[in-house]
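Read through the structures below before going on.
Both complexes below contain chain A, partnered by chain B and then by chain C.
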Partner chain A sequence: MSVASPVAGPVIEGVTGSVQSTLARIVRRNGWTIVLYLLLAALLLLARALRSGFGPADIQSLAIGVMPIIFAAAAQTVCVISGGIDLSVGPVMAFTSVTAAALMKGGSEESAIVVVIFVLLLGVAVGAINGALVVVSRVPDIIVTLAMSFVWAGAALLVLSSPGGAAAEWFKDLSSGSFLIDWLPKALVVVLVCVALVWLPLRRSRLGLSMYALGSSPVAALRSGVDVNRTKVAAYMVTGLFAAAGGLTLTMITGIGSPRPGDYTLNGVAAIVLGGVSLVGGRGGMLGPIAAAFILSLIRINLVFLGVEPSYSTVIQGVILIIVVMIGGLVALRRSRA
Partner chain B sequence: MTDLLLDASGIAKRYGAVAALRDASLAVRPGEVHALMGANGAGKSTLVKILTGTVRPDRGTISIRGTVRAISSPTDARRAGMVSVYQDPTVIPDLDISDNLRLTGTPVDGFRSWMAELGIPGLDLSDYARDLPLPTLRIIDLARALAHEPDVLLMDETTAALPADLTERVLEVIGRQKASGRSVIFISHRLIEISALCDRATVLRDGETVGVVDMGPGAEDRIVSLMLGPSEPESAPAVVAGVADASSDAPPAPTRVRLAVTGLRAGARLQDVSFELHTGEVLGVVALEGQGQEELFEVLAGSRRPAGGDIRVDDHVVDLRHPADAIKAGLVYVPADRLEALLPQRSVHENIALPFSSRVRDWGPIRVASEKRTVDGAIARLQIDTRAKSEVRRLSGGNQQKVTIARWIASGVQTLLCFDPTRGIDIRTKRQIYTLLRELAASGSAVLLYTSELEEIQLVCDRAIVIFGGRVVDEMPAAQADEPTLLRAAYGLPPGVPMPEELAEAAAVAEGVA
Partner chain C sequence: MSASPGTVSEVAAAGPGRTPWRRRLSEQPTIPLLFLLLCLVLLLFLIQPGILNRPNAWISSTIRFATPLALLAACQTLAMLTGGIDLSVATIATMSAFVMATQSAGQGDAVAVLLGIVVGACMGLINGIGIGIFRVQPLIMTLGTGLVGAGLLTVYQKFVLTAGSSVPDPIAWLGGGTSLGFFPNCLLLFLPVAALIIFSLRRTGYGRMLFAVGDNPIAARLAGVRIWQVLLVVYVLSGVLAAIAGIMLAGVTKTAALGSAEGLLLPSVAAAVIGGTSIFGGRGGYTGSIVGALILTVLVNLLTVLNAPQPIRQIIYGAIILAVAAAYARLTGER
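So, the complex of A and B:
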């Protein structure tokens, strides 16, 4: 207050006016993301209402469960924004997870840091291979990455044919417990920091702009001076990096590596679709998919609290996904016609 | 020898079997506005793509200020001092304007001041490009190019689809570029703009540079004759005679209006088109690229909703919401690209029979015998050179086109909408298609024929309309529609009034009389 008081009246008015219009624009542009966070809050409150004991411990286990989905979604987001799609995210996570577990077994606590760096680089290399194949072969992304998903799944089985390996203690500790306050799970902080470290600088770089440009209109991007092929490979490399981070979290939360983890490819796609990333490319960000990953898990948790049989709950989850995305589409359609 | 700013020579480019450019050259002096002219398919757009680095030439050199440069990407072109503004804006729809500027490394201040000069001051740079109207995007594209202060600015049809006030600003800004020793390569379908603005014009025909014209009195006629090339009278008369016979044999047929179009509008290009198509008639449509003819045919074929105007078939207003509606109304579309209409992997027989099974109640078992009769009838009539069992993709382009026409004849359709049906077809098959269209007209069908080959108008049509800027600007009987007349009309020049000044005088006189 005292800091602001020396400024003259009219100036303040002007500033608040522009702040208001900026706020209005932010709301208009990010309407869907805001709706998602409201939905997330509602689902948390619902969980709390359904089960009075729903507290920090449950939030922590929720965050741990969602961690790999967030990385899978982040990986897919980068690829889809650039106009591609990567169906090998899940198998790459498996491959990097078993690699990490196998390398950490028997190694010292300190050497684990080297393993982490190596596995992240492995992810980048895997992404570079996927991207280069798409660019060189000119075969559609969906087919190349579908084929490569079998290759990486096989590679995972070659590293560890059954769940095994180990993880360093400090590494496992990264996801357990809370950070500063009880209600803030450490897992959530780790995943948000990791995504932000990569995404924020990328979003503000010319490479990031090129990715959006490529997904939005390849011809216009080319004419604007974007190196289309390099941008595509770079996008797949970032996708591989996030997939490797997802694989590391699998090892982190289980303490071992499994060559056949759950279906993270399609869970990631579901999260980005719900998160407002356009599957035709060029539109979307990271905040939406992160919220969506939580929402998809919370829906299932709430259905369990409501006493719905688990087999039904996945059906209901699917139906809700379709309805929510449809409503989003209708709203966008009405707005474009208005 | 003056020192040239840009000197491209011996440029050639093939796409498969098609030579888009054989031997094109373009020399631009400092401080001139240079027009690049050519009829449809002459190779203008390929040359533009090569100069701006989106396509690599097979042969030829490009030198800038006397130094040979390899231009393999738009960034290379920009570094060499050449920036282009394309026909369709290259602004990324899903980025806001400031991100678009950052993507191309454009200085924001320069951009803003050019925007103001071009008549759109105070643009909000945080607007998404997808939310802005097309004329604004074109101006943004131009301002962005100007902000790079290019030595050579390449403008491809930038003034098309711009409102008059913005066009005026754009032309004025180009004029000023000249004064500062910079050059502009200007491509436009508006010959009037070119004679008002340009110093010289390079004319392309069939992928070759056929002449460079200094603008001035009489230059327009030279440009038009260069674009047309030496006339080839030997082939034409025969078929014209055939057509003339057909029309003289037929008694003045009692024709009805089959299709009446009034005030039709669609998209940004089709502004206001009205015409009538009679039974027993082939009506030619002549237009330069992008004057709204695509939209016209899409609307009539039911694949695009018009923004206004009405369509009457046999005196009933029809509402075409879907291609099936158009087919039901007897309007069928024969596209230039055969593969748009055919199922290439299926047999000729199935392709011809397909329109019969477009109604849901026909989804049941196929009546093989009766279907075979109609299909065989159509094949025989069209002399399709094939056994009907073979896959359509194995046929030649001409025979494929015959199949697309055959399928509609087999189902007894009355009105054919042919969009450049002879594109890329050999001359013999072309003749057969002409004959076929004439026969159809003689048997009482109505044919609307857009063609990019002007000679076809006199070969096939009874009458022709010319569309320019989304409006019908001229109508004439085929007998008068020789190529120079059509080309003049297509460029928006009235016949017999060669110079814009004379036109203005005539208008003034007319007003005085009135």
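So, the complex of A and C:
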């Protein structure tokens, strides 16, 4: 979907025009992201209008619910931008979540820090395995990660056969409550800081540039001296890191670990597509998917406020996704003809 | 995408014997697959010699369970040949089975089955409109329709909860029955369908257009193929086949529960991939997918017999899918 390219990859700009044209360019380039944030604001206002009591507590529960989806979307974004797709994000989240819960059980509060670091490294290792298999086997990404989704789901079941484990108190506190002001949920701050800490330096780095190049055109990237295989593995490692962070938030929210993968793979893919990341690769950024993750959840909440039966909300969510991508397809068609 | 080494110099450079052998394998991908299937079956016999006492029962039960998977793999094969994928097949299969089972009491068996197939065709039509006309990525479109379908099913379930559901006897006979003591009845339906698909892919104009569109859409368009029509028909066909798969599955299990076919989605993709159909389009065929479906069914059987714990089974299952796909990529030199 090439509706727009929010936060497009680093592009060398020639002459910078006047302030006006710079502004116009920003709007043109990030048009879709701006639309998404306007939509997000509208949905929040709608929620407030529908339920007068909609306040900080609701925002907090929204942010807590969206946390794992944001990490799943962030994981998928990195992978898709570099021209791959990772269908094992959900199972990897389950695997890292149960590992964290199993290790934290019985451990002291301090040792939980070590567990968190270990689980993040585990995610990187899992990603490295996925990426290495893609490179070595020469099988398309979608097939490798599809096969690996069975493997990681099995690994999750090996760690804990049924929901269990525990989480440290300070760890659980990370997602509850607010930060500084009532309207700013701590969960939101945590997730944004985590994503920014990894993504912002990465996007500006040589590796980030290589990832966008690889996603745009593997052949061109190779000819320009990008180490294609290493970039691919690195992208999957970052994907694994975000997936592990998502798994940690699952443990953080529930206080336990569940070996059953949720719908996070599909939710993540839906969020990045709505967020303007092109599935073909090489286009998109992190701001769009984050907004999209919130929008998808807010639509559900607003439908509940409207008194729509919860069973309809899946239908409506799917219909919205389809309509958005169809509009995207139409816009792309228009552009290619123009 | 020309995978087989074509020029004379390449053949000469690769040394005698090796390249013609590879070339033959890449042209006939089903031969190594059949060999793998044979190995798995032999391994199963070694581990569980008791099967040999009643081989007919084992063979017919394997075929009964492989048939719905093979039909879903047909959906993936058709979609993948055009460079797409259909992730809504499992939901469509469940929908059709559920509609059939709930309508059979009130509408009669024949109408119920027809309704189930119509549901599949409609879902396929929506996919086709999105992918063919609006040029939406197949992955996303079918993901979306899968979501919508699953939601619609829960809504529908609330309305018909009181009616109850039952699988019509003829369907149970067709899906789960055997004739003459060994012949699984599902083959009565599956063999003609499979023959039709294989024949159409190889010999008809539409079949060639599928390959053309998947191999190089621009060239196909310049050659006068109306791509949107080809894609529309592919996804409608995929929907109908998924509906038939769901109905057959209901016949095998004698129930139509929500989510009954969900577990077959990823194996259906895997069966097509193992069978040598390229996910990038333009290469492959249905024969391989059928063998792929059989391999996966025997594999599940084998892992059950081994009595391995569930997680180990899952890990081995994934590893073997990956290994076969990788071996296939190496064998044919496909990139």
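The rule is simple: the second predicted complex is superposed on the first by the 309 of 338 C-alpha atoms of A that agree within 3 Å, B and C clash if a C-alpha of one lies under 4 Å from a C-alpha of the other, contacts with A are read in each partner's own complex, and residues count from 1 in each chain.
Here, a residue touches a chain if its C-beta (ideal position, glycine included) is under 8 Å from a C-beta of that chain, and two chains touch if they have at least 3 such contacts.
All values derive from a computational prediction rather than experimental measurement.
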item: Simultaneous placement of chain C and chain B on chain A, clash or fit; value: clash
item: Chain C versus chain B, contacts on chain A by residue; value: C
item: Touched partner set for A:Leu321, first chain B, second chain C, both or neither; value: second
item: First, second, both or neither for A:Ser216, with chain B first and chain C second; value: first
item: Which of chain B and chain C A:Leu197 touches, first, second, both or neither; value: neither
item: Chain B versus chain C as contact partner of A:Leu38, first or second or both or neither; value: neither
item: Partner chain in contact with A:Leu306 - chain B first, chain C second, else both or neither; value: neither
item: Chain C region in steric overlap with chain B, selected from 111-119, 129-137 or 201-209; value: 201-209
item: Chain B and chain C footprints on chain A, overlapping residues; value: none
item: Chain C to chain A touching residues, read off their complex; value: 85, 126, 130, 134-137, 139-141, 143-152, 154-155, 158, 266, 269-270, 273, 279-280, 310-315, 317-319, 321-322, 325-326, 329-330, 334-335
item: Residues of chain A that touch chain B when the two form their complex; value: 25, 206, 209-210, 212-213, 215-217, 219-227, 282-283
item: Touch list for chain A against partner chain C, complex; value: 1, 85, 133, 136-140, 142-144, 146-151, 153-158, 161, 266, 269-270, 273, 279-280, 309, 311-319, 321-322, 325-326, 328-330, 332-333
item: Contact footprint of chain A on chain B as seen in their complex; value: 52, 54, 73-75, 78, 84, 86, 89-95, 99-100, 102-105, 126
